[in-house]
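Across the two complexes that follow, chain A remains constant while its partner is chain B and subsequently chain C.
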Partner chain A sequence: MGTTASQLGKDLLSEYQELTFLTKQEILLAHKRFTELLTKDEKDLPNTRVPVERILTLPELKSNPFRKRICHVFSTSEYKDGSLTFEDFLDLLSAFSDSATMEIKSHYAFRIFDFDDDGTLDCGDLEKLVNCLTGETDDTRLTTEEMRQLISNILEESDIDKDGTVNLSEFQHVISRSPDFVSSFKIVL
Partner chain B sequence: MEEHNAVNFTRLLSDESTLSTMSSDSCEYYQTEIFDQLPSIQTSRLGQDRQGLWETCEAHQGGPEAGERISHGHLSRGPKDKAFTQPPRNLVMCIQGRRDARDRRKMQISNIGFWESWRRSQSINRRRVWAQMGEALSGLLPWLHTLHTIEGRFGVGVKAYFVFLRYLVFLNLLHSALLWVFILGPTTLYGRSNSSKPLKFGGNDSVLDFFLGSGYLDRSPVFFSFYTRGSLNFQCLNTPLLYLAGILIILFLSLILVVRRMTVGYKHTWMLGKRYSMNVSYKIFCGWDFTIQDTTAAILKHSFIRNDLKLFLEEQSFSLREAQRTLGLRVRLYLLRFVLNLLVLSLLGGAFFLIYFATKTSQQESGHYWLFSLVLEYLPPITITVVNLLLPHMFRKISSFEDYSFTMQVNATLVRSIFLKLASLGIYLFFIFTTRERQKYSFHCRENMFGREMYKLCIFNFLATFCDTFLLKYPRKLLQEKYPSSLLARLSGKQRFLIPFKVLDLVYSQTVSWVGVYYCPLLPLIGTATLMATFYIQKFTVLRCCVAEQRMFRGSSSSVLFHFMLLLGLLMAATTLGFNLYQQEATQNENMSSCGPFGNGETVFNVTGVCVNSFPSPAQTTLRYLASEAFALPLILAEILILTSYVSRRRANQKAIERLKDMLVMSSSDKRFLVKQHATMLRSQRKTHGVCSGAIEEDAPHPL
Partner chain C sequence: MTGRCGPVAVDIGLDFEGEEIEVSTFQEERERERHRAKRSDSDRERRKRGNGRRKRASRAEEGKGESQARHDRREKGRRKRTRRDQDDKGRKRDEEVQAKIKSGKSAKTRKHIKYEKKRKMEEKLEVEEGEGEERHAKRKRKHGSANKEERDEDGRKRTVKEKAQGVKRKKHKKVVETSSEPSEEEDNDEEDNEEVEVRPESLSSEELEKLKEAVDERKKLIQVLRGKPWPMKKKCVTLWESQEFVEKYEGALGKGKGRKLYAYKVMMTKKWMKFQRDFENFKTACIPWEMKIKEIESHFGSSVASYFIFLRWMYGINMILFCLTFGLVMVPEALMGRPYGTIPRKTVPRAEATSAMDFAVLWDFGGYAQYSVLFYGYYNNQRAIGWLKFRMPLSYFLVGVGTVAYSYMVVIRTMARNANESGVGDDNSFNFNWKMFTSWDYLIGNPETADNKFASITTSFKEAILEEQESRKDDNIHLTRFLRVLANFLVLCCLAGSGYLIYFVVRRSQKFALDGLENHSWWERNEVNMVMSLLGMFCPMLFDVISALENYHPRVALQWQLGRIFALFLGNLYTFIIALMDEINLKREEEKIIKFNITTWEASLYNGTVSENSTAPPVTIQPADVPRGPCWETMVGQEFVRLIISDTMTTYITLLIGDFLRAVLVRFLNYCWCWDLEAGFPSYSEFDVSGNVLGLIFNQGMIWMGAFYAPCLPALNILRLHVSMYLQCWAVMCCNVPQERVFKASGSNNFYMAMLLVILFLSTLPAIYTIVTIPPSFDCGPFSGKQHMFDVIQETLELDFPAWFGKVFSYASNPGLVLPFILLMVLAIYYLQSTSKSYKEANVELKKKLQTQNEENKKKNKLAALKAQMDQEEARKASS
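Entry: the complex of A and B
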């Protein structure tokens, strides 16, 4: 079940519509943009995997500080290198689409923010997260003291069971209180 | 065995609970073997492990079997049924996994039976139809592309302003539709009374009438006096009654819509108490806006977030400093604040006096040059607008001296500006009510005079917005671009789109529209047109003339405040209307109103009284009872009872939350303790393995 050359079969299209939150137009647009990323030889192969560097050239991802983590989370490759097939790409767009549920979005947001993939957000994850948010150059980071104060504030607010980390339920508890999350956790082609 | 700490039900801090009595290495917890196999960790890793996925469903069906597949967590938290009625796209896994889940579900369906599968497919189809309808409806909303562009360049806060503007456009359209049905429709269909003046260009009419609201416009459908009782003359169905019903329905509907939006917004920002405030976690977890595609916008967002975080940390240290203030310092500060508040009050008083002076001046007769008389007529609106333009900025400066935290400063400025805007409008209305010189003029219609003032306010608001953009902002921007180093450019600085003030303007114009709708029924139509024009003008301002504001503005938390302002405006409109009707009733003898639907000695109460009298007697007595004071007391009592029940329920819920949190902390520290014990026991067993020779393989208890 792979994508053929440059056309998307009708039954495949309807299957994708059923399995994702994307509309028909969005799937076709995604297909078009994905095939633009492929080289000439790759276009004929089914189920090609696009390396992460090419994915990151997409304008929607280029300025996103979490772009590498996003590719990593949605990638199904065995080498964990962040490369995406077309179906992974659709997965990505589906989770970031307008109609995805809050649960899906919060789940994936948690995985994106979990930099060490251990299932919880501990101090190291939070520090990397804050650094991603404030900017990626050295002069935009917070000082160590500010970082420490900030992280202790975060943990005091969201770590309900006081184990020193934020797990998925606690994360979802914070997210569910903010109505802006669903509208800002969106990537539309 | 070592003894655990004595039973201690206070909530532990994170440092304490990561240590166990047996081992002192606190990060070991996450590196133990059994940690990966805990069900809670497995659930969060669901999508990553495709292998585990396929077995998950079967394990879930048979219940987790000890000793076999404890390691794989369960698919859904809810009842088993939920996993199967959820559409495959709602599952958190990759597309291949969802395919397999769907295929498995299809296999399941053959075991379930006809009724169940029919029910499921029906619910799926229904959901799909709803989703399609919702999509179609949201595609119909106008200006989507503009909003998307604005969001990308300026962030969610500025977009929230434009969304609010669009909402007001729809509200005004709805009002206009109701107007057509209740007021304009019957008048067109059933005509007016014979004594009303015809609608033609007369001798004294001029183009100025469109600005002054006199002459031609005075006789037109724009104002109150046009709608007289026509051929529709039943007891309970006549033009005056329809007119009144239309206005009341407009106000009532607006009340419902505004209250609904306000409560929805309030629920979102509802904080159960200081302990549950999620300020900084929210800023971090929901901080990044994934819709940003532009590199400059991204850099801006980074600096927003950084500034916001620094602001938060600064405010924290501020509150620490505040707690450490000495008594002397505190007294001095309170004195300073008192003086500044007096200053604010005196500024407000001065503004009100200016408005009174302008109202008095504009009512003087003038046979002067037409331009001068135009300016004189417009003097009150001009004064109000100038006052509303200058004073909020002065309040901003004043609040910076009061040594509040930044959020407090913004809120204080906002509250003062709201008070200024609404009170200046209220004072103006009050002056119009109490000054009666106009009566001596040729206009016998008080309602028309009132409507004319509201019309002028509305027109002038729009003109002010227009001139502000094209005569102030755009030249300033050109100046910045062409001569950036000149003195004027450096003095004026970069322009910012100050959202709170802009929203205040919108709320103010909507309040004017509500106050004036009874006297000038076409105000909603005018309002729709001006709001749409304002959308494009502000779009031009934002996209061409402004740079992004440095301090981030959070849309959701202030939307409650803005809707509350709308509500206040609506209440003011209702009070004005009620007061006017009451005055009409009280001064019946003097025959104040001789125009419009309630002219010729008929008052509102007369007309409604006639209608009520035509009802059957039980209905009449019920209505009379509902309107009397004897009903008010039980009503108030009932409201008090309902409120008390809500408050007590809330308190009980809060207590339950506290108890649950304590339970959670205890369970979590139990879990950590057990994990550590287990890991330490394993390690000590391995040590004894290492001590004995490798030949002897003891049957160590495996966690699997």
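Entry: the complex of A and C
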């Protein structure tokens, strides 16, 4: 929504500060980084969507195993292609910022982990999640037996209503008691 | 407690909020309806305006389609358009958005008010009677111009969408009609007040109350908006709507004369908010090294960064300590105290004068450095110095106490805060889930670190599974037990050995000192410091090897390792102190002899010249020639300063050799070596977080211990920390590889803090002991001539305060009062502890209850759903 894409309006900036957990400097830095991703002719257009491939060239996201999911969750694109506008980008940074609350972080974490977007974490989601966490190479992969064991352990711990899936409130319940989550669910530019 | 049932409660809260908003807007609308019925005048005018709005609104609809493509627009126009888009889209959306829309309706036409905003403010302020008519006219005019602008723009790019328009226009009409009311109402209200109650019934107090509630609601909404997981557009729209709502109705709230004040107040709160935000921004901009740390954080993950954050925190504390000592002790003495060379304690003695400026001597903090403000001995015992009548000895004492008190306060406060943050996560019931959901460190931006992290996560998964499987059967527990006992025995041997070595070396160095330092080599002079540094360097490696025997879980092993290093450092420090105590006693013996000698010397000096009752002719002796005592305080200060310096040097040198040189060798010799150096034996070094943190903590302990006798220590420490910040940042980025086992930082944070607290306590202990028990030297330092150092308090009470104050103080320090007070405090601590325990229990109970309730609810829901399904099927059957 930048006017000429090189400068953010003053009241827009203050609105973004109001609406995100970012400080002014962080917003400006985000804007700078975002405009760097744009091509020449896109810079003149407002509301440009940056395709997911270009977003993923950011070093902050490059080695993140959830990078595609993150883009997907924060994208407001109608085609579900994971492309981000600047505002989506700000949303992303805000949710991953230092001062964001546990609630908002866990909400987005849930949506990131929910690979099939059905609102619950079922066995398929968990399996994909484990595969993401153990990396792409085969030697770090878990065997199917281990995987089964792991997933059953996880469900045993957190699936309070025993319906075979982890839903949002169960997830938040687990996450809210984790000592590390808030400090590690962070991305800084 | 709130943390535990947080998510559920918040969920409910959110739902509630939505409903409330809906309700409140509902009420508003009803209210407005009522008002419209009541009032009949100015109808015509309203209609006129309404028409204008309607037109504009519909045009906005048309413009919507291609709003994306337009970029030559003014900012405001665009924002408005998106808002409209949002509203229209939103109308079709689900019920959650419905609530928004309801408010949106009233806000819909509020976009016009953007234009009016400024004007309204003016209006509010210029309270001139009889201008109502004119103002209306003015407004109309302005409206007109605003309209025209809009129309021009919209008209230019209009595409016709006849079909939708018809329907939408109708909707808009209704909306406009309802929502144009309030502004009108407000105007009328204004007039009411000015024209002395023409229509007193226009706003009852009840309605005002409701309005106020609604406004407060919106304000609250604005504040929590950033915490909502909505896309930015939705947040923006809600913000604008709420802001405009608040802006609009806030004015209507004040009554009569209070209005002006109210408007002013509102304006000031806005300004204040803005200022706060700016200040917040300013504050974050002022945090030093933020970017550096973030860069490291994104390369190495949060655990390495936590060390640097700790370092920065330490730097902050030392900055305060430095300000205290520098501002209240060193500078006043240097500026207002007697200048160098006026009295014996401020002069280099004749014997040392020739070598006082040599670098070797200065490096050892002898010579001119010893007789300067850097050390205790330089300070004079003059009660008040300079034209300010600055109480130097008192200030010296209070600063000494103040640094310790401040450090305690800061450390304990930080610990309490950390405990609050991480206190919830100490149970182990979600082990697997945490591993799964929270183990990835999103900060990692370096592929190498990411690979390590993948590997460590996989191992942790596998370990956890194995542990789970093996938790019942444990193999050969006797062997592990034996090995652990053996390991601990070995470690104890190491500790004892290093303790003895230090004691031996210190005693030896005393012998050397008695012989005179000039006769010995460099090594013999610096033996103590070097031995301590070397022990601190190699013993941890030894412990690391030994800990392989024990076969602990890595996290547990890390804590053992830290504990052992801690014990080693502590042991070393305490042997050092004990040896120092011996030396202090020696010096005091020496002092007694010298004191006796001096009296004889003085007597011999005066004997020849002084006759019975004539005033003594001034005997001019150079202050450098006066014999003086050994001044043990300065000696202690010097020892600590030397220790710090050598410690710093070893740290830097190991950094350069161990990390940098190794990295260079590995990097460049790898081309011509027979095995792969990078992957094989030497490889690159890892950043040792725990070791570095411990080093920092001990360094700080030495500062606390020695700061009383050497006021320059905090300054030195600041220098050291500053340099190591840059040096280590550089070393980490250029020659370290990320750790193989990437640990989470937050878990150990309070562990470090607890160690810091222990060190603080242990390091203040000897300092306080020496201050309280050992009488100060007779001829050097601010307390010379007193029986105890703390006598300075007594003296001040007697001389500077009124008599009653001293009396009160002596009563208050009476054991009869102090003992009950201490008892009371102990009782209070006991009481608080037991309450906190019971709270914890209640917490656990509540947690259980919550879980069972959750389960029950789910069951009920399932049953209900099942039943409903059955009913439906039955109904279907019946109908068919």
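In this text, the second predicted complex is superposed on the first by the 186 of 189 C-alpha atoms of A that agree within 3 Å, B and C clash if a C-alpha of one lies under 4 Å from a C-alpha of the other, contacts with A are read in each partner's own complex, and residues count from 1 in each chain.
Going forward, a residue touches a chain if its C-beta (ideal position, glycine included) is under 8 Å from a C-beta of that chain, and two chains touch if they have at least 3 such contacts.
Everything quoted here is computed from the prediction, not taken from an experiment.
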| item | value |
| --- | --- |
| Partner chain in contact with A:93 - chain B first, chain C second, else both or neither | neither |
| Partner chain in contact with A:9 - chain B first, chain C second, else both or neither | second |
| Partner chain(s) touched by A:44 [first = chain B, second = chain C, both, neither] | second |
| Touching partner for A:65 - first (chain B), second (chain C), both, neither | both |
| Partner chain(s) touched by A:52 [first = chain B, second = chain C, both, neither] | neither |
| First (chain B), second (chain C), both or neither touched by A:84 | neither |
| Contacts of A:164 with chain B and chain C, given as first, second, both or neither | first |
| Touching partner for A:120 - first (chain B), second (chain C), both, neither | first |
| Which superposed partner A:30 touches (first chain B, second chain C, both, neither) | neither |
| Interface residues of chain A shared between complexes with chain B and chain C | 1, 15, 18-21, 23, 59-60, 62-66, 76, 87-88, 90-91, 94, 96, 101, 103-104, 107-109, 113, 126, 129-130, 133-135, 140, 142, 146, 149-150, 153-154, 157-158, 160-163, 171, 174-175, 177-181, 183-188 |
| In the complex with chain A, residue positions of chain C that touch it | 3-4, 6-8, 10-11, 68, 71, 75, 78-79, 82, 222, 225-229, 231-233, 235-236, 239, 274, 277-278, 280-281, 284-285, 294, 297-298, 302, 422, 424-427, 429-434, 436-447, 449-451, 454-455, 457-458, 461-462, 464-465, 468-469, 744-747, 851, 854-855, 858-859 |
| Chain C-touching residues of chain A, taken from the complex the two chains share | 1, 3, 9, 11-12, 14-15, 17-21, 23-25, 44-47, 59-66, 76, 87-88, 90-91, 94-96, 100-104, 106-109, 113, 126, 129-130, 133-135, 137, 140-142, 146, 149-150, 153-154, 157-158, 160-163, 169, 171-181, 183-188 |
| Contact set on chain A toward chain B in their complex | 1, 15-16, 18-21, 23, 59-60, 62-66, 74, 76, 87-88, 90-91, 94, 96, 99, 101, 103-104, 107-111, 113, 117-120, 122, 126, 129-130, 132-135, 140, 142, 146, 149-150, 153-155, 157-164, 167-168, 171, 174-175, 177-181, 183-188 |
| Complex contact set, residues of chain B against chain A | 11-15, 17-18, 29-30, 40-41, 43-45, 47-48, 50, 87-90, 92, 94-96, 98-99, 102, 131, 135, 156, 268, 277-282, 284-295, 297-299, 302-303, 305-306, 309-310, 312-313, 316, 554-556, 661, 664-665, 667-669, 672 |
